[in-house]
Amino acid sequence: MASHDKVKVAVLGASGYSGIEAVRLLAAHPFLEMSVLTSEHYAGREVAEVFRHLAGIDLPPFEELRTDLLSGRAEVVISCLPERVGPNIIAELLNCGMKVIDLSADFRLKDAAAYRQAYGVEHPAPHLLGSAVYGLSEFNRRELREARLVANPGCYPTGALLGILPLIRRDLVDPSSIIIDAKSGTTGARRQAAIEQLFAEVNENFRPYKVGNHRHTPEIEQEIGTTLGREVATMFVPHLLPVTRGILTSIFVRPRSGTTEEDVRATFEMSFAKSRFVRILKPGVLPELKNVRATNFCEIAFVLERRSQTLCVITAIDNLGKGAAGQAVQNLNLMLGYDEAAGLLTPAPVP
Amino acid sequence: MASHDKVKVAVLGASGYSGIEAVRLLAAHPFLEMSVLTSEHYAGREVAEVFRHLAGIDLPPFEELRTDLLSGRAEVVISCLPERVGPNIIAELLNCGMKVIDLSADFRLKDAAAYRQAYGVEHPAPHLLGSAVYGLSEFNRRELREARLVANPGCYPTGALLGILPLIRRDLVDPSSIIIDAKSGTTGARRQAAIEQLFAEVNENFRPYKVGNHRHTPEIEQEIGTTLGREVATMFVPHLLPVTRGILTSIFVRPRSGTTEEDVRATFEMSFAKSRFVRILKPGVLPELKNVRATNFCEIAFVLERRSQTLCVITAIDNLGKGAAGQAVQNLNLMLGYDEAAGLLTPAPVP
Amino acid sequence: MASHDKVKVAVLGASGYSGIEAVRLLAAHPFLEMSVLTSEHYAGREVAEVFRHLAGIDLPPFEELRTDLLSGRAEVVISCLPERVGPNIIAELLNCGMKVIDLSADFRLKDAAAYRQAYGVEHPAPHLLGSAVYGLSEFNRRELREARLVANPGCYPTGALLGILPLIRRDLVDPSSIIIDAKSGTTGARRQAAIEQLFAEVNENFRPYKVGNHRHTPEIEQEIGTTLGREVATMFVPHLLPVTRGILTSIFVRPRSGTTEEDVRATFEMSFAKSRFVRILKPGVLPELKNVRATNFCEIAFVLERRSQTLCVITAIDNLGKGAAGQAVQNLNLMLGYDEAAGLLTPAPVP
Amino acid sequence: MASHDKVKVAVLGASGYSGIEAVRLLAAHPFLEMSVLTSEHYAGREVAEVFRHLAGIDLPPFEELRTDLLSGRAEVVISCLPERVGPNIIAELLNCGMKVIDLSADFRLKDAAAYRQAYGVEHPAPHLLGSAVYGLSEFNRRELREARLVANPGCYPTGALLGILPLIRRDLVDPSSIIIDAKSGTTGARRQAAIEQLFAEVNENFRPYKVGNHRHTPEIEQEIGTTLGREVATMFVPHLLPVTRGILTSIFVRPRSGTTEEDVRATFEMSFAKSRFVRILKPGVLPELKNVRATNFCEIAFVLERRSQTLCVITAIDNLGKGAAGQAVQNLNLMLGYDEAAGLLTPAPVP
């Protein structure tokens, strides 16, 4: 496809971990080309000067973000701006007719009050909350195809919801019993200087944080609640792993009496029958981070433990892939009418 | 204390990860000296030739294990022999009047039938099962002081039981709801060549294994059941962390209605009031592996999450320390009438 | 390109680290398809069952290596068989008209006597040594286009020679003063169980090995010597890094009096003017492993230190990429008349 | 020894990596007690609140540094203040009669002009340069016993000088040919937020930095030059390893004609005959970081490579141990007339 036929994409906040991963993925996309890359920190510099792994790829230089200068230069925008920075900018871009995928949490919660509670401030653009589509691709393909504003899911919610939503939909489990124990690599946090993210603090260490009060909890509960038709409370415990990428999520839930292993397997297989990125593993096989690293894939396995009456579902994703930039590109594919897997099938580099 | 006043200790299987850690700890012990170190692999070689970090310490060379040659050369024996190798040897040593701490699983399960089921073979010395004391030091001090044979707990059971037993004892939680999500460093496995333990397989990876069917499950359930007075089934999920040492364990359990945060805190504080190795963390502070690395300490924190009615207890230990050799030395201190902390208070090397 | 137009490639020993990397790279190649994958260990199993990161890709199952069954099923063969296993098999395949790229050291040394000295045995197929082309792509393109048997360079020699050969060719340095200090990730060793490669032995460690007597030394010296027209002795010190992939090589050499920074820069730039995989870094910028990970790229920088009269050249490659499977595919592209970069331009996954 | 008999030590800048390591070491010291710990960042907080691995140890809280409040509260001071912050404070403390060990670079260079060139500013207290003793313990014991101000060596210089000074002293090598290739863990840098020290930037990476222009070069050259009696230029290349602690240094140097392996071995053995912290390894054995981690030990090996006429000396130390706080305590032992090994013989925690 000649370059002038490609759809122009802008990436805002392109020098953070999610942003530069979006750039890496878009660089390999057959139908898209990057026309604008913004970075507060590196404005004016060539991308390959800062991120040498992208040398040799034809990319625009980093520039300052000025919405008045974006008009006409891109049809779609992937916003990797931090929470609360983006909404007004995004509102302007939508007004100019662009489509936007927002990787921040700003448009994920449908309820402005829930936003206020989770983030401690009023939502900057509450009028857009209604039209924003939650971008969990596998569950919202139809809406995503029509969407103009997509709220790309959080990394933890993606790992959790892919494992639990199918079971909720089919009423195979007791929704009041959901416990989520998740473990993330360090790029789940932003690329900014912080003592607790220094190599010497993370290496050879492992620790939980924000037990029972992480900001992703309301997002997870909203999506389960929407599926269920009523509110639900879950216990969510995140941990920091000494790896760069990846989230492994263990979900514990009480099965409905009568739920069999076959029920669970059939449900997962049907739910993801059309999903090229979700791998339901065979009995006895369990997810591993390495198999999904630097990809948009998700591995899922489950164990129904009769003695303790517990169903354990385990998922593995890359927090920057399916948990951020990968899913953003998948959503962009859906929004633009392409094969949802376009540009996303490169296998993980193992080992 | 002059060397000839010190109690002589033999370490069997001293060149594995637990064994060599026992040697390191005993080398710093004020009242003990190592008189015999056996190693099948390195028999005949000086310890410091193989494990150079022990250079400069006066140690006997590795020798073959011959029980007939042990008699009179040691008063106490720490056995780090693999499962099923030890029992007959241990029976002989006990006959010769030695005291034995066994780090294998051989004497942990009281019930020979449970052993058969977990390990697939008949127990080699079932007559000793009755007299073996389960060496979870904090809960069995009295019995340990009189013990001649101590079954040193498994690393996962130690991390789990320190977090759950106090709550069971005080009936603060529903024992049928226990879920244990544990994450271990690689030295939880033996020091033997195996492709899945190669650096390139473990590094930048994280994975669960033996979900719901790990051999430590019956051990955990036995101890909870004994405390409770009836059988109990738990869900136990171990994972392999890309770190060398440490186990972080998250325990999820439903609190009895009426159980308050104060109840839980008071229970932990009372249970471990005399325990110099257990640190109950302040509210808002959470365990980290690094703080217990290379020590016999255990960090414990808990969060009582009202919305989902879940109590989450989190513990951190070093699998080779409190989870193996450290606890063995602590038990040995108890058996010999010393301060249980003798030789064990060196702080973790952080960072 | 339709599948039936693609050239058929066999990968022998496809389940080792280099082998499976070749499979990953070939899976993305526009003009090649894998028709045969052999693995002693996994014969009979689907690739994706063992290497799940390759799930979803159309691949033949692993099979036993039987040369009589290969005939007609592949035009080109990438052999990742261990040293001394391959030569007789390769001789047979050449007889059947196939082209072969051998990743072992078997055909790298031109001199059967040097082989005997380095490997302690007679060469199994000395009659082929003369026709084997040394596959350092950037320096032997012409010969590689005509080659039927390519000896793919070792990972250390690749990292060293890319940094030193241009300087030797232009006589900018004293060849008797070459010191090579190289640091490799663990996949430089084979994927086989070994205690010294366990995670707990490599992690948080760093160590030199085979100082001054590594088997790659004669290979490096042969190539420098051939360029120079006379024998040369170098000091080569390899180290084991706690990373999965990558080799960083520091080369120290005394510049000829009069050699300027401009001379060196011009020489590197000319030498690699047509090389899309070699990045000569700007002054003040230095190579890093992360920028070349999982790619066929090589970063090169140099510092001419006047005070000590030392020229330090530093190169970074991925030992499995440019140091093994990547260069094999590059050579295969040359042998088959394709663009040498076909299938090899995917950027490194950073972070 | 009763607490009131112990010598009182103040640690300034006690919450950085070197500072907190000094605290850890002093906590185990038989003759010293910490009376003052200063920390700009954590003033007013208990040490164990910030550094939980030190819980259970009797320590004063962190306080602000006010020299007027130090008088009479400590006999000796270990200063871990950053470069240029310390000199005036140290001058005051010396005036009050305290002895000071400074871990910064401020008093290492004897020549104020060299300081200006390396650090770009005038030395704040040049009158003290003459009396400061360079604290490379193994070579300056006599001066250290009398010293009132000790300039503790840099981590890189310590690793390099222990390997090269004995050879210079005995004139076994050509001093104009010294090349030093050093690899350090991340705690060689200060404990402060910086993007390039984030886990995701360091992990799975390896990179050189400041090739030929690192600030430790003049320090290394000064000490070699002093030993030699004339100026010398060396090539020094540092690298950043993805490990928390440790420096491995390879030193390449041309042996004098006639220098034999026996000469080199005898020289090292004599030079370190009285040094309990230096381990000269047997032929064929090579240094590893893990064996010296969290200790004051140094491993040294060498290979005299005839073909290339190169002597390679390799040393391993812990940058926070022998490279900083460990050596500071060793020097403090010398200054106070204790056994230089007091409190420093705990073996490395391996694995």
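Should a chain be cited, it is by its letter among A, B, C and D, assigned in written order, with residues numbered from 1 in that chain.
FYI, contacts are C-beta pairs under 8 Å (C-beta built on N, C-alpha and C of every residue); 3 or more make two chains touch, one makes a residue touch a chain.
All values derive from a computational prediction rather than experimental measurement.
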Would you mind naming the chains that touch subunit A and likewise touch subunit B?
C, D
Interface sides of subunit C and subunit D: same vs different residues, half threshold:
same
Relative to subunit B, largest Cα-centroid distance belongs to chain C
Which chain pair is joined by more contacting C-beta pairs, B-C or B-D?
B-D
Size of the rotation, in steps of 5 degrees, that lays the CA trace of subunit A over subunit D
180
Please work out the Cα centroid separation of subunit B and subunit C, and write it as a whole number of Å.
46
Centre-to-centre distance between subunit D and subunit C (centres being mean Cα positions), rounded to whole Å:
39
Chain centres from averaged Cα atoms put subunit B and subunit D apart, in whole Å, by 37
Subunit B touches at least 2 other chains through residues 17, 187, 200-201, 203-204, 242-245, 288, 290, 293, 351
Going by the contact rule at the top, pick out the subunit C residues touching subunit D in the complex.
176, 178-179, 181, 183, 200-201, 204-209, 211-212, 233-235, 237, 239, 241-246, 248, 250, 252, 286-290, 293, 303, 305, 307-310, 312, 314, 351
Listed in rising order, subunit D residues that touch subunit B in their complex are 17, 20, 24, 27-28, 51-57, 187, 203-204, 244-245, 276, 279, 281, 285, 288, 290-295, 299, 320, 345-351
Subunit D to subunit A touching residues, read off their complex:
17, 185-187, 191-195, 197-204, 242-244
